[in-house]
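Letters are used for the chains, namely A, B, C and D, taken in the order the chains are written, and counting of residues starts over at 1 for each.
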């Protein structure tokens, strides 16, 4: 909902219902190809499976609609893939996998694709901050603590502080590692050829990892790292809003937003959107954390709640990053006013 | 996202991007009609405005896309309505209103429509629980505390307890009152004819209320009441999952969900979806609560973050209510097994 | 922890470990007195129980320390009460009750005592706001939206807005009704004389209510209402901080806080503490909401987590109310500067 | 509050009000010693400061009580230290530091001491899990997904899964690095000798780091890592509670808790406490995340709210770790019943 405001178009697409189905099909296809290489299924079946595992062939909408009956999209997804194949190949679809293997690994693919877009926006934002820090290394600026005048600093130091925090947050998010999930029905990988996991990991460019069906630390870490990125962006946007107050007037968004009632007014619209995106992260991350006590070998609700939560986290972080990038690119610094304030 | 799983189709539609634009147009049209009745704008202009304020006339998608520039959908919405009218009428669009008046009042309309659907599902669920309570008034049942056998009770008492809690939660949600927001540019209703507010309230069937631009208690109360409803449903679903364990076997979902890996397995799929929907409410409600300290006469981010948050809260509550209704309708009680356990 | 900063002394005391034990003893004593009146236990036993059910007689610290073994303070509490009595009376202690009856009812008593203090602080704050609204009814003031100059209003209107919101929040909190919990071992009140519940309710001045062992809506409603109060106070404090910025200078805390590094600096210390207290409420309320899916006839963890959560919610709301009261009492309005700004 | 239930005694002490004051005094003393070594203050003054910077000399309670006036404990702390010294030395107390330097660095010391205790408990828990995994490598066990029977696995595999998750969570928490904060009045370290920071870091055994006054990523990362540890422990405790159900009976806590109403009942008390502790983490971590948008050079409320939040996070994680350690140490496995189930 409202992705135009609270995401970037690219992240919205990379995390949409079609992208999720596409990623699940990628997992099924990769598993089939590797299984064929290991001699576990016939090469012709793998090729046939690979050919139909595309969101152009498998319709997206019914997958989600029919997912209701079994509380998992993988049941209708596998049904649809099988229905598109002759029986001789159909029986090799999804061999050795369980729903959670497919959904979790697909979630990793979705996350990786979204994170690449986010990282690009963050890279542009940090580069711009580095430029501002250099340009204003000697621009005097009044430091303010508890929103009261404190001691002079430079606007370059302020930009350097913004950048240091954002860089650290970006680096931490960049160190997060998406990994395959391959554990079979009860998550112990019993009966699964170890080479299958390694092969699927390689095919998909994900880290191999022991099964993590009920160990959701990896998912929380993604959410927390994204939350720190969004929060670091919101810190910058908050400062821009505060320094853009008419009475301070040291900063200004290049393309101020309009008001529906006051034609003369200019609003720090992009900063507002950065703050609005970031504002939602704490609650979403708490939802992931609250999901950690997953019951026995697969959780009854806490796992399923992750899918939209992770999607929202990626989208909102993408929105914060994009809006911040655009805002910073156009940011106007009034160095004279900063100087005059001291 | 994933509304098929985490909402009901009706609530998903009632809270979608089109429904929001439709509701905002309803507000603009009502304000124009009332303004004409009060002699503030020409009747012909009101009629013309009314005629174009429909989501068939005003395209939905560009409203949200262009909302990015000003951090509000009302700027492009008003632009679009005006563009559809001759200049003599166009200048009377949005007279006296501000963005927040339109968005907040629209949010109330969206909420009311969604709540009607939710209440219907809750009514069916409580009726079914009343039926079960009567039917099993004398069915002996082992009470369990801290998941250990405690003392005998009856399954009727259990159903009565579920119903009492759900009824109280439903009643509290039903007592929540949607109200118009009409405060003008700085939320003090200065320069606005008081009869305009009263008239718009009547037109839209909402309570009149003093402006609440920066008083979001009403929104938090909606979220908290919905959260209690969803939590009450999740309590029932959790009990159904627990009593459906094979070793207990006292309950069973009528249409068990399938597994992608184990054809013989039946999962309590609907209960799982109830729990998954409800699991997301605490974080979303905390997001609304964290939004309360709205700055001065309109917040820079904390207000805008409400739109998707309220939408998600309505959808997830709608999903929990629908899945619970379906689950309870088909619930199979094994009274013999309950009896045998004692 | 840190109650001096994040509570008021009175609420800290009313919610401390000693107060909780005192409240639990009040419940045991009331139940004994009523049971004797109903002829269920000997009057002499009731009198003896009543005499020892005081935190001067029953040591507080061991109750909590020994609570670890059974995950409830009521086991060591009842042990201690019994140990202080001859066997003939000891056997009538806690008759018909279960741990949750005692803890839940005690929580209601603790909440009621804390809420009385909070309400007093809120009353003083709203009275002061009414005074400010009257005094500044005609003081011109620049309205600011998205932290940008918007349209003129009056400072009286701003104070009226603050007061309306706080009043509504206070009223809603005041309408919250503490009620006894009396359900016995599996929460169905089976085997309990209905007059016992009614009598205990009357003795303790609480509402009678059907057992709510696993229906925690009442507790969430307390938390949410407190959260709205704290958030409404934080909205005021945020505005005070913003309008106290040197470049705006329209407000000033009477007794500004000091800085450890800058002797000349004055900080809006009380407003900062209001914001800090309120900042913790959303997470705490989400914890209560997440506790709603209580398992079967008594939850295994989600119930126990309520005790410190409710305590923190009361304390932080008490801190926000007290700090706001003190801050508003000393608030200095620079009407000339407000006027000059327009 | 309730530390006996929701912490371990050692972590409660390491994070108490006295411990915080002690840590702040450690920072002041270390800064004085290093300043003397660098020739910035007289060695005699450093020695005198060092001698009085002890919680036996500086009274703890008034520090917190008087902190209210300035919204920081450092103002009364520095007052108290100075009052204990002759004027010639008093003027060198707190030289070059600001409140936030002292509180943040002290928070790192408090966290480090608490984490050492927690790590010890986690080490014992993982060692026990390794023992159980080895012992039950061949004990057949029914895997259960969505709480329904799925496929056989071994109890050793279950224990290995618990251990892998806990080990990963413990390792991630162990990699968190406490670092000094030394930035001076506006957090840019201007005018501070760089060797002072390096020296203080070395004296206190903390990492040196650029100032992080308004970059709270480090604090969120501590909270999130602790949250994953607590959640991993709650996953184990949840499974123990589920497998301890009478109808399953495959596990049992060694020392079951008592019930106040049912003398024959045994409750999984320690598991319940693990779950209760962990249940509070998501909300607390969300509070830290929501604090990220700190205003300008020091936040007006969001920073101060961290102190009790971090304290609670450490205490609850400590409680979860201790209760889990005790519970696992006494855990009784009924291998025959596991075998018979298949």
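Here, contacts are C-beta pairs under 8 Å (C-beta built on N, C-alpha and C of every residue); 3 or more make two chains touch, one makes a residue touch a chain.
Bear in mind the structure is a predicted one, so any value in this text is a computation, not a measurement.
Steps from subunit A to subunit D, taking the shortest chain of touch contacts, total 1.
The pair with more inter-chain C-beta contacts, choosing from A-B and A-C, is A-B. Inter-chain centre distance (subunit A to subunit B, centres taken as mean C-alpha positions): 26 Å.
In whole angstrom, the spacing between the mean C-alpha positions of subunit A and subunit C is 38. Multi-chain contact residues, meaning those touching two or more other chains, occur in subunit C at positions 71, 144-147, 150-151, 184-185, 234, 237, 241-242, 259, 262, 267-268, 272, 275, 278-279, 282-283, 285-287, 290, 300. The touching residues of subunit B, when paired with subunit C in their complex, are 71, 143-147, 150-154, 157, 161, 164-165, 168-169, 172, 184-188, 190, 210-212, 214-217, 220-221, 224, 227-228, 230-232, 234-235, 237-239, 242-243, 275, 278-279, 281-283, 285-287, 289-290, 292-300.
Interface of subunit C with subunit D (complex): residues 1-2, 4-6, 15-17, 64-65, 67-75, 78, 94, 97-99, 102, 184-185, 234, 237, 241, 255, 257-262, 267-280, 282-287, 290-291, 300-302, 304-305, 307-309, 311-312, 323. Against subunit B, in their complex, subunit D makes its touches with residues 144-151, 241-242, 244-248, 259, 262, 265-268, 272, 282-283, 286, 290.
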